[in-house]
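I have placed the structure first, in the form of structure tokens, so that the comments after it can refer back to it.
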Amino acid sequence: MKKAKVAVLGATGSVGQRFIELLENHEFFEVTHLGASEKSSGRKYSEVMNSRWKVSADIPGYAKNMEIVNCSPEFTPGVDLVFSGLDSDVAGEIEMKYAQAGVMVISNAKNYRMSPDVPILSAEVNPEHLDVIQFQKTPGKIITNSNCTIMGVTISLKPLMDHFGLDSAVIVSMQAISGAGYPGVPTMDILGNVIPFISGEEDKVETEPQKCLGKVSGDKIESADFKISAHCNRVPVLDGHTVNVSVKLKKKATESEIRKAWEDFSGEPQRLKLPLAPEKVIQYREERDRPQPRIDLNAGKGMTTTIGRLRPDPIFDYKYTVLSHNTVRGAAGAAVLNAELIYKKGILEVK
Amino acid sequence: MKKAKVAVLGATGSVGQRFIELLENHEFFEVTHLGASEKSSGRKYSEVMNSRWKVSADIPGYAKNMEIVNCSPEFTPGVDLVFSGLDSDVAGEIEMKYAQAGVMVISNAKNYRMSPDVPILSAEVNPEHLDVIQFQKTPGKIITNSNCTIMGVTISLKPLMDHFGLDSAVIVSMQAISGAGYPGVPTMDILGNVIPFISGEEDKVETEPQKCLGKVSGDKIESADFKISAHCNRVPVLDGHTVNVSVKLKKKATESEIRKAWEDFSGEPQRLKLPLAPEKVIQYREERDRPQPRIDLNAGKGMTTTIGRLRPDPIFDYKYTVLSHNTVRGAAGAAVLNAELIYKKGILEVK
Amino acid sequence: MKKAKVAVLGATGSVGQRFIELLENHEFFEVTHLGASEKSSGRKYSEVMNSRWKVSADIPGYAKNMEIVNCSPEFTPGVDLVFSGLDSDVAGEIEMKYAQAGVMVISNAKNYRMSPDVPILSAEVNPEHLDVIQFQKTPGKIITNSNCTIMGVTISLKPLMDHFGLDSAVIVSMQAISGAGYPGVPTMDILGNVIPFISGEEDKVETEPQKCLGKVSGDKIESADFKISAHCNRVPVLDGHTVNVSVKLKKKATESEIRKAWEDFSGEPQRLKLPLAPEKVIQYREERDRPQPRIDLNAGKGMTTTIGRLRPDPIFDYKYTVLSHNTVRGAAGAAVLNAELIYKKGILEVK
Amino acid sequence: MKKAKVAVLGATGSVGQRFIELLENHEFFEVTHLGASEKSSGRKYSEVMNSRWKVSADIPGYAKNMEIVNCSPEFTPGVDLVFSGLDSDVAGEIEMKYAQAGVMVISNAKNYRMSPDVPILSAEVNPEHLDVIQFQKTPGKIITNSNCTIMGVTISLKPLMDHFGLDSAVIVSMQAISGAGYPGVPTMDILGNVIPFISGEEDKVETEPQKCLGKVSGDKIESADFKISAHCNRVPVLDGHTVNVSVKLKKKATESEIRKAWEDFSGEPQRLKLPLAPEKVIQYREERDRPQPRIDLNAGKGMTTTIGRLRPDPIFDYKYTVLSHNTVRGAAGAAVLNAELIYKKGILEVK
């Protein structure tokens, strides 16, 4: 199969850097353009990124000498798909332009997530949501992934919903600072501290999971019907969102039934052996003090969701803790996995 | 009024150090003995504590040259009261010996907290619980303070219970490492990390508040009837436990009614103008990102409980965040305030 | 004596906040104006600072309702002196305007530090440098304080120079993030990390101490003649610069002579009993693992310099470690102490 | 070639864990025994290590079910070589027993480092030091690696010594907490703090490099003749020691000559293509703010030494910063590389 030509939009940002890292030597995709804001365009990527490349010691070789271009279809001719790591204040307009130009848009921004014909695609959780993209009005289609905080949470909830039904959940997050991008959180605000507030986050956490776990109904996705209450906190952790979950189910379930539902959970990415698909979607840890961001962050190269501490809850039915890598599984990795899925299923047309 | 003679037991530990700091030049109390384990006894406090004094730059002058003694009544003759910062593995036996010897025991340990005739005294919340100590069988009486995590939480719940009744609460803590004592948490375990587990803590958080907020019934304290579900996490913060609370009330309440209940909350320590009583028991912060441990830790010299982010909860009625200083308000400070209360009310007999 | 009327310029920044804190209820100074950039002017200080006030829980009452004005003499009528916490990119022009308007300028910026008729004033170290300000051409005079990193170092070197002469010194700093202002260092750059570079810092560290320790010669200050080699590093510490010093002296000195020179060191601020003068200019710690920023930061309310670990050096003569509070002693506190000195000595004319 | 049978001594400690990780599927070595203290012996490794395994998410499969034995030759029959990650308080006696029993000892402990016939072997720096082990009196031989702090420093100094000669150096370290083992540094001591003292460390840093860079003279190693002055500091970094170096050379050198000497530096491990040999012994970074522990830690899988910021020094000739991974290159990785060297060169006899 021919590789698809892709551009990374927002290539200088935190998510853009992860895209560039994950797309090095990719089986399905060839990065032909790196897009960023006008002040960087025309300059070599390595020159612009001097001391701004943060995700590893070195910029991947293929990207070093690429010239940055503007984020607009006329500057990225020939691309089949764009990975958008753009900030939400510019993502709306730019992504729409690409869709209108017939380019597939894989977006990490929130702008179109709640549109009824745009999936919040989580490749193992709701691949059937791709059925609605045909109803989008533009020749190119927009596919989003969820907010980083709920990524691991929805993966943990999906098997519970399928087997036992969901009534309600309390979700309390302790979120890594990389979730705020770069420069993001000033050190003076978070070193040795906790900030019990993240702007706009609790709204997303209380609404996106229901859509992500919803059903296709004709030309749109209908949100699942269960309630969420969220507290979102920032903690001095570099990568990895840790989330405490209390959940009430519709049917009775034993601890071992829940453990089995998680351990058996697998999806299309695993069946199709997609390059970025983790062998285990969910890793349950027996140790009483896990998961922990520093230790479990890179399970399945950052694509596995780690769960631990399943135990009865005096008010809800069960409580547990879930961890996922917020900039890999929760952002760029999820987006690349989504792109791999549509490529392998032939939904992406490669010119 | 004559000063009471007191000993600090566990004087070399974290809580013991706070006791020594808070008792410097105290109006009511004169520290006559410092007790610690046998390997320290007979040595000067400053000599034993070289590089182990952690709560400030210098050991208070009065304590420097005191000779450490064993923690047993025969080694602390003449004391009216002991402040016990002993670990729970030795506190049970030693505290009982003192009570049998006719000495008042103000304890920070968990050993006797759940005994029906021992108050978990929080001076503003339940001073009437002192009525049961007369039913203790020993000539000296034991008075405990609560676990550090629930100290601020129970202070926040007390006005809610009085005005609106309590149905249930989810309590999620992000706890400072000083709560684990010294040496406590190894840096390798917590730097840039979160540990979603603290041994034994969730049990205490799910049971102590009900007793603390309970009623005296004859010779014992009956726990209040509401449910708590707890998640306890350790975070890389030095001092100050931050707690997310979701609460369901028995009666409807508006946000402004709740705010007023908190702002008006005051107790016997304030009326009696006890030395360590904070002017404001509760400080509500208007800023959307408060309370934060680093900024709000020392409100009221570490004795004020800071609350913020009151907002409606989609599952419960309201949610908010509460912060208190875990080794001051949550441990040594609470204990000293309890001692001040019994001294001022004449419950403590001074020889 | 009549209080001087003062303005704080750069009132919303990190150093500005410290000025506002230190000037609360000051014996000598009354803050009549708070100056900041145009986008803040006309608004109430507390409104602008919502969530930006970082140095303590609450803005001092006197400043809360003050209206912010532009940083220019016509907007701050009647002031005798300005405290400038302005960034160096704007400080040069604004401070000069004030000097031309006849206002005394106490500056924390680097712009005029190396001008021969402008003292880098360190009140205990070189009060005689005030003799040169008469030669400044403007009716108002400019007085600077040193870079935060060398403040404690020059205090430690002054008694050594006076008693034994200075030949050369290696100065290696581990600097707190507050030295970079706010928002300053992104958390992603420094959490669990060390950055062995601070822009422009090593140049200042290798040249300012010689001027600070220099002599008045007619109408200018001549730098002292000794060499410095500096390495400057950023570490994940909130406040407090820790500096390792290796020093070669001109005359032989024993450890006890050096210790005595430090312990005896006292200056005009102590003789004049200036409000912000620490009782001890230098505190030497006997413990083998001190000074440490967290423990020794607030010695003398942040105005004392703490030294420890004096020992022979195999290449130089001696080595030791020195710590000072970079935003108090190293910035706002030093500036206020300088202002107190010129007020008390009658150098500041109060209208 | 037949694999050598090896035991890991001190298998439950920090260095021991790294040994177990690095020896998974090793080409030359087969781990047949895991040795630890008596209280662990007889138990399965995975059982003992529950929640104590710190270096990654999972214990390597081969080690999980191995039964821990005592650290004594009679309990590890058939081993050709032992990797000792033992603490120095027990290493002396145990390692000697193994040497007397004819087993090759690759030690990370300090006990025998300064014995004239024991090399402080750094495989790229001084492979010729192996010539002296024949003069050891025991049938088995002891080979040590250097202290973790000087490992990267000696690698940076070796090409300078060879090309330009060494006169003297100031070495200031900012050391990661993993260097103190586990539990090691209490969080209360180092979070948001710097400790300017590490027990015994400065002595090692001022003497081991001279031996490591010395010459074989008959039956012993003679230390090189240059002076070092050291300051050692602990910083809140997990892994990776950052060291500021000021160095005086015997001959003049330009920056580009020094850079070339570093870039060309390569040794026997590279020529022999040893499994753990990094392709680049030294990586020089052009960025002005590098090396940094978090970013450069894993260069060459933790075996490459990263240098940056070479610049003239006003007192010495040059200054620069060097970083190496203290528990990989500075401990277990160096030891395994040493063992690979003697295996490949046929110095290790495999039974």
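Lettered A, B, C and D in written order, each chain numbered from 1.
Please note the rule applied: a residue touches a chain if its C-beta (ideal position, glycine included) is under 8 Å from a C-beta of that chain, and two chains touch if they have at least 3 such contacts.
Predicted, not measured: the structure shown is a model, and the values here were computed from it.
Of the chain pairs listed in B-D, A-B or A-D, the one whose interface repeats that of B-C (more than half of its contact pairs identical by residue number) is A-D.
When the C-beta pairs in contact are tallied for A-D and for C-D, the bigger tally goes to C-D.
If you average the CA atoms of subunit C and of subunit D, the two centres end up 42 Å from each other. Mean C-alpha position of subunit A lies 47 Å from that of subunit C. Annotation: 40 Å between the Cα-based centres of subunit A and subunit D.
The set of subunit C residues that touch two or more partner chains comprises 54, 191-192, 236, 238, 288-289, 294-295.
Chain contact summary for the complex, subunit A toward subunit D: residues 50-51, 54, 56-57, 191-192, 238, 287-289, 294-296, 298-299. For subunit B in complex with subunit A, the touching residues are 168, 170, 172, 174, 192-197, 206, 227-229, 231, 233, 235-238, 242, 244, 246, 288-295, 308-309, 313-316, 319, 321.
Every residue of subunit C that touches subunit A in the complex is listed here, in rising order: 14, 54, 177-178, 182-192, 236, 238.
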